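Got a structure for you, written out below as structure tokens; questions coming shortly.
Letters A, B, C, D and E name the chains as they come in the text, with residue numbers starting at 1 for each one.
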Amino acid sequence: MLERLLILSALLFCIGLYGALTRRHVIGVLIGVELMLNAVNVALVAFSRYVEPAGLALGEADALLEGQAFALFVVVVAAAEVALGLALVLVLVRSRDTVDLTEVSLLRR
Amino acid sequence: MNLFQDIVFWALAALAVAGALGAVSVRSIFHAGLLMVVSFLGVAGIFALAGAAFLAVVQVLVYAGGVAVLIIFAVMLTRDVPMSSRSGPLGPAAALIGAVLFGLLAHAVTQAQWNLLPESLPGPAARVFVDAPTRLGQVLVSDHLLAFEVMGVLLLAVVVGALALVRERSDA
Amino acid sequence: MSARDLYLVSPALSLAILATALVLAGPLLRRSGAVQAVALAGLSVPLALGVSLWAGLDGAEAAFGGALVSDGLSVFLGLLVTCASALVLLASFTHAERYRPYGGEFAGLLLFSAAGLTLLAGAADLLTIYVSLELASLPVAALAAFAKGRAGGVEAGVKYLLLSAVASAVLLYGFAFLYGATGTLRLIAPDGGPTIATAVVAGHGGFAYGGSAVLVGAALAAVGFGFKLSMVPAQMWTPDVYQGAPVPVGAFLAVASKGAAFAVVLRLFTVGLGPVEADWSVLFAVLAAITMTVGNLTALAQSNLKRLLGYSTIAHAGYMLMGVAAVAANSREAGDGSLGPTAVLFYLAGYAAMNLAAFFVALAVTERTGDETIAGLAGLAKRSPVLAAALAVSAIALTGLPPTVGFVGKLFLFNAAVNTGLLWLVVVGALNGVVSAYYYLNLVRVAYLREPVSPERIGVPRTLAVALGVCVCAVLVLGVWPSGLLALARTAAAALVP
Amino acid sequence: MLTALILIPLVGAIAVVVLGRDARAPRVIATGAAVAELAVAAVVFAGYEGAGGYAVDVSWIGALDIAYLLRVDGLSAPLVLLNGILGLAAVLVSWNVELRAREYFAWLAVLQAAVMGVFVAQDLVLFFVFWELELVPMFLLISRWGTGRREYSAMKFLVYTLAGSAFMLAAILALYFSFPGSERTFDMAALAGRDMGSLLVPGSLVFSGFLVAFAVKLPVFPLHTWLPDAHTDAPTAVSVMLAGVLLKMGGYGLLRINAGLFPDQLRDAAPLLAALAALNVLYGAFIVLRQTDLKRMVAYSSVSHMGFVVLGLASTGAAPAALDGVGLSGAALQLFTHGTITGLLFVMVGLVYERTHTRHIPDMGGLARQVPLLALGFMIAGLASLGLPTTSGFVAELLVFMGTFSVYGLATALCAFGVVLAAGYILWAAQRVLFGPRLERWDHLPDARPVDLAAMAVLIVPIFVVGVYPRLITDAFEAGLAPILRGLGAA
Amino acid sequence: MSETAAWLIIGLPLLGGVLSIGIVRRLAPGAWRWAAPLTIALVAGAFALAVVALAATQGEHGHAVGYEPHRWLAVGGAGGFTLSIGVLVDNLSALMATVVTGISTLVHVFSLGYMRKDEHAEGGPYADYPRYFAYLSLFTAAMLGLVLAHNLVQLYVFWELVGLFSFLLIGFWFHRPAAAAAAKKAFIITRIGDFGMLLGLLYLFTQRAAFIAEGLDPFAIPDLIEHAPELLAGGAATWVALGLFAGAVGKSAQFPLNTWLPDAMEGPTPVSSLIHAATMVAAGVYLVARTFPLFEASDAALNTVALVGGVTALLAAALGLVATDIKRVLAFSTVSQLGYMFIALGVGGPAVAMFHLFTHAFFKCLLFLGSGSVHHSVHTFDMRHMGGLRAWMPVTYGVMLVGGLALAGVFPLSGFWSKDEVLAVAWDGAHAGSVGAAQAAFWLGLAAAGLTAFYVGRMLLLTFHGQFRGGIESVPHAERLPDEAHLHVHKHESEPAMLVPLLLLAVMAVGAGFVANAPVDLGIVPAHWFSHLLGDAAPEFNGGVALVSTLAALGGLGLAVLLYGTHALSLDGMPGWWHAAGRVLAARYYMDYLYETLVVRRLLHRGLFLAADWADRHVVDGVVDLAGWTGRSGGRALALLQTGQAQAYGLALSTGVMVILLLYLLGR
């Protein structure tokens, strides 16, 4: 079960990465990043559920939830990232009238 | 792990992957956002399967709900901006790297000798996944109190930043 | 949470409070420079708290149940970040005028990020590291886009945010592997419980001699952090963002952000992954060589001053990585293990001084002339002798020539590298210094030998002059008398390698 | 006392900057500082053997065992004196500099201080610090007050030296860490006599690290191409300092470190050094004979003459029992004599250039009529350069040849033939510049002024004094080289 | 005689030179007039001291006045290099010193008149006096230093210094390009010989251990000549001797380093007479004689010396046949006569060589000064523009005649005696052993004797007999030097300051040969005084050899008279090869062409040196520039990757991750 979850996670991660690298639309890139973060969460949850926490032997039952807690934080951070990203998209549209990331390349060489 | 769970898992996994693939490949950014939500929902199901029911709920509410709505709003706001084509020039290279990376990661996770959790958990641990929502709440304000507080500051900072950026300025 | 916990986290806390206060009070502080003045005054609080923490330092002390540790490293970096923030704010008194009425936000976001960096330096579990890192990054993404009126202003923010997000996803994936392999997120355990290090030693999880999860995690985390370090292969954003972002933001990124990132890399790898040093030290050694070479070579081809500083930053990240690669296990003598981290920390402080000086000169010049090209420095010696002299000092220091802190800092780094058998890396590093001489001294050459494009003098705002003076003095004084700072760095590094 | 050697020029530099507001003040202050420096250098030279000497040993960066360790022995004392002499000559010959004179004289003094530091530092890292410290003033002086492709030349100089010192730094650190903790030191004296066979890396590699750095500075073929450019485009005083003392840093390093710390490796490398020496001498001389720029000519003659230093070092290839130090003494003396002689040559070229505004040899001619004193100085410098007896150059070359002939006969013979070639190019230049029909366009040229004469005299006196009574210098070198010879196993 | 006095032999001229150039010239505008008397007085003082020294060496056998040398320089401890300097006063050096100071005094006096230039010269007629007399005195000092050197290194020092003053004096009129070039040539070519000498010294130094073990100094001349045969074993003596001889070849302008001496005639004529006839060029002979026991230890060395001497004697004499410049004729003659001296040395007669040196010094100096006197009248040295000068220069003609006949070896002038001894000793040498070299040298010398007589006759006839051909006035202006442009012929005899030295020299040229080394006891002077002075047995007077050589001389003179005096014979109608040979001689065997044009200019300057220069610019420096270019290009290429595309940056990041993982996972 652990392995299939991890492979799923890896697959989602790579799909997300592909999206982040190929989408022209800035929001598309953000979508890709969200998929990557989600993939990480799958891995975190899988580990949390199927791997023995190092502290378990000491009776720290909560240690089983560390992965889930981490995933929770990731979700929130991801949301924050998206929020800031969308703000930037709006400013970008205002200032450059584009959401095409390939056109956002004034800064180079 | 029984057959039913297997079937559910594969279905959800297929949903998540299909959604993700769609999200990165469909032409319309609006549809991509929707497909992302689909993928998120699949993942939420998998969370539930993996003993993270609370997280699954959060996933649906925050991601499939909040984030997706945010994205769709943004798409709406920037709709009239012209877009030439769907994907950038890096497609083949990115695909190749994605594929190789996937192979490597898959190889890594299968090769690794994970220290698996025993089937039967000792006393209090056995109920952990059942009590997860309650216990998570406790963990957040005890073990991870600092992170929790930092997260608050982070959200504040992001709000400040986003607002400072978006608000029009006379001299901008 | 105890009062003690609060005291230990107080520098970061006070920074965050100060940031919030500035944001809230921003609209009220209408007089020009008032925001900065308040911010500077307020920074004395974290500074004092940091000094007080340093004074009371007694080994490592965990806070928040082990989420945070207050030791030499964290306090040292906290102080460094605070000082750097103060200098940046001091230098940007007049610059920030253009962001009115959002000067409060400008200073506030900077200080939010500083709070994140301060926390990052003391973060002792993977979760805290992650959230601190995001707290440090996201405000900077906003700040990078702050000059949204300028061409490329928003672009810098977008690039920073997107690439930072990808990098942090990679980092997170690495963290997930580490977690899966060790079953814990902790770097330290105040109660004697398991940590990543003990789990790795115990052969827990994936790392059972031939297993690979720990290494995969380490590699992904290294690249993820590499974004903040400006390390190859995650360095490419650096020049673009430095070019597009306001100069003070670039300075802050180059000095404070990079410093805290080095601290957390040192902590994660030497404390958490110390048992597998042999595996990652090679990685960092190779990446150090590539990073400095790429940075220096690319800098040769630059015509834009801000981009040049970006590439220079990459090169210096390469130098500092030498110290990371100089791990304790390979050191020639027991007890020498802290030479690498000591050298990194010393260099960070020295680099802060010399690099801030360079950025401040760039700030003063671009602010006044709007010309960001290197050619725009032509005749600087005539237009502003003070700026030219400061530029010369910082260029000489960045090249690594005596009698500046740049020389001593490099000496320490090389020292540590040789101590761990990385003689080849020292040769590469020193030859890189040769390459860098070419473009750094070109700046001096342009400033002193070219005829000015315009006879108009370039005035230097008094606040900026003060900041510049502090940096230049630090560069020279530390170059001649490095022992004091070295002792501090040594104390700080002792936290990593007992 | 030794700290004073370093501080006097630095204080002078500061004084020039602070007090040198009016047009004349900088040069007066700089001259004062240079005279004081020369006086102190003379005192050090005369009294370094006295009770306790003038050693200074203060911890500098204690954590790394780096000390502010200054010491003068027979090897460095004459070079300290040389630096004092050349410093004064450089200031005197710069009397006419008007472009930002304050900065110019200040940098010149800093340069002198850095070179002084190299000669007195006995801690490897401190040595390295001074070694690098000299780069900045040189870079600025050449690129700012030079001529021609000055910026290119300044950069080339800097890049070459830095590249060389990259290897030196690696070698210094490798040397330090090769020993167990309690035995680690950067003190050259303490390192001498250690077994350099089994270092962190093979001892020959560490040796080569130093060798490369010093070979760049000396310079040794094929690492020499910075020199003609730097010399050609540098202002006169900087050429004087460059030829006079900066090249000597390379030779000093070879003697002090390569010979002092690595006797076995030096012996192994001796055949290579002998070959390089012959190559240097002949190749340099060949190229001199093609030059039409007076400064470039002198620059390549430096390349040629520095081959003698390398040849002297190669004399260590002798069997230990047969090693008597004549070659090493010759090499050391060549450092001193070449400093004064080529310094004088550059002074003369500079003074001529100052008047004619050309260094193109075919444009000149017959100057001996119009500027007889300059011609006299020129001839003295030239004749000393071609190793005429009673000038110091002869003694040094003779000692080098004598020391090495029994070891590497062919190489020595080839080098000795370089002396014939030297006669060729020096006299050829003299013929074309000084002799021949009087050209009317040079009729208005003023002959040497008192300050020019002073600059010339400062250098001519040591040339003849040492040439006639070389013991003044050789005895010091003998004493300084004695420990090195013992290290080489000489009886 | 105290050691101080011995040092003063060197010191007085040195003092004169230094005072003359350093003080007198600066003192006052008119102070030039003190320069000449001062230097003359001091050189004359040195002459007096030299005579005293010569006297002091008489009496006891060994003839050395032992002064302990002074330790001057010591490097490398006991086994290293020790230089002790001292004056070596013995019969040989004292004799040589006497000759040098004597001739030098006369030349100083002669110069008093000769060096006065016309009233319109820049700075007045005496402007160059102080510099000239200073150089001349300093040269004398250096020459005396060479002669009296106790030590080979010391000798080498002064050896170089005489070269320096030779250089300065040849180039005295440095504004003349030919003079400047000749000065340079002289210095460089002699330095090639000195290079050999240096190698000889270096080789000697490698043999020092045997000397030091005996408590001796290998460079000390007394030690060396006393112990060289036993301590320089296994061919070492040959190499050292050949090295020293190389120096002598350069200094004495022997084949193949003979080309500089004719050019050196660009110097003032008194200089030519002192330096390039009487003293400095004879230093080579003196050096070999000085270290003769060393040469004796090696047959190979002796044979080389004899052969080089013989070949040079003949070749140079042949060159004298066609030269049109009177000073060149004399220069070739000098080279040739020096060859004789080397013949004598090579066949084992150092005293004979010194005897010829002694007589040659007088008559050759006389001839040169005489040619200077001629020049004062006609302002040219080209014999084609002379003729008939005896009409108004009777004294000059007389002394030149005496000198010429002495040079030709006509009985009973001095040249006859010394040349005869040379040939006799060569004849003896040829018959004493199986020494082929001596035999060859004898025949070469004999042939040269005939040629010598011919060119002497030709020179005298062209100069003093026949019709006057116009002097400087017939030289086209285009061919004149700038400072000769306004000169006119003055048909007058020279002033007394010039004639007195000439007459004194003439007396010596007549009598020095017979009186000094007479075959029979003359009462005041014992028989073979000169040879005995040098501690050598004089060769038996060989009537046969004398007769043959006299016949050769008379034949040469007679032929000259027939060709140039009576014009009974004419060279017109000679076959083609004759003129070809004439061209070869006129071109000096193409040696200058070979050395200067082919070797120096083509092979070296446009060949090797050009190649080295090119290689330095393009290869050695090119590699460096290439490295720089590579760096900059690499930088530009890397900068091209910075496309500004954020996703490309992300791709790079992912690629990095991929590569690292690949290495980690698959590399394990």
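Here is the rule we use: a contact is a pair of C-beta atoms (placed from the backbone, for glycine too) under 8 Å apart; a residue touches a chain by one contact, two chains touch by 3 or more.
Because the structure is predicted, anything quoted here is derived from the model rather than measured.
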Chain D reached from chain A - shortest hop count over touching chains: 2
For chain C and chain D, chains touching each: E
Touching chain B and also chain E, the following chains: A, C
Chain-chain pair with the highest tally of contacting C-beta pairs: A-B
Chain centroid nearest the full-protein CA centroid: D
Most widely separated chain from chain E, with each centre as the mean of CA atoms: B
CA centroid of chain D to CA centroid of chain E, Å: 37
Approximate Å spacing (C-alpha centroids) for the pair chain C, chain E: 77
Distance between chain centroids, defined by C-alpha means - chain B, chain C (Å): 30
Centre-of-Cα separation between chain C and chain A, whole angstrom: 25
Per-residue overlap in chain B, given as positions that touch at least 2 other chains: 88, 90, 94, 97-98, 101, 105, 108-109, 111, 114-115, 143-144, 147, 151, 154, 158, 161-163, 165
Junction residues of chain C, two or more chains touched: 127, 130-131, 134, 138, 141-142, 145, 148-149, 157-159, 162, 166, 177, 180, 183, 204-205, 212, 216, 239-240, 301, 438
Touching two or more other chains - residue numbers and ranges from chain E: 639, 642, 644-648, 650-651, 654-655, 657, 661, 665
Touching chain combinations (by label order): A-B, A-C, A-E, B-C, B-E, C-D, C-E, D-E
Touching residues on chain B, where the partner in the complex is chain E: 88, 90, 93-94, 97-98, 100-101, 104-105, 107-108, 111
Chain B to chain A touching residues, read off their complex: 1, 9, 13, 16-17, 20-21, 23-25, 29, 32-33, 36, 39-40, 43, 46-47, 50-52, 54-55, 58-59, 62-63, 66-67, 70-71, 73-75, 77-78, 81-91, 94-95, 97-99, 101-102, 105-106, 109-110, 114-118, 121-122, 124-125, 128-129, 132, 135-136, 138-140, 143-144, 147, 151, 154-155, 158-159, 161-163, 165-166
Residues on chain E engaged by chain B in the complex (per definition of touch): 645, 647-648, 651, 654-655, 657-658, 661-662, 665
Sites on chain C touched by chain E in the complex: 158-159, 162-163, 166-167, 170, 210, 212, 215-216, 219-220, 222-223, 226-227, 232-234, 236-237, 239-240, 279, 283, 294, 296-302, 435, 438
Parts of chain C lying in touch with chain D, wherever the complex brings them together: 332-333, 335-336, 342, 396, 401-403, 407-408, 411-412, 414-415, 417-419, 421, 423, 426-427, 430-431, 433-434, 437-438, 441-442, 444-445, 448-449, 482-483, 486-487, 490
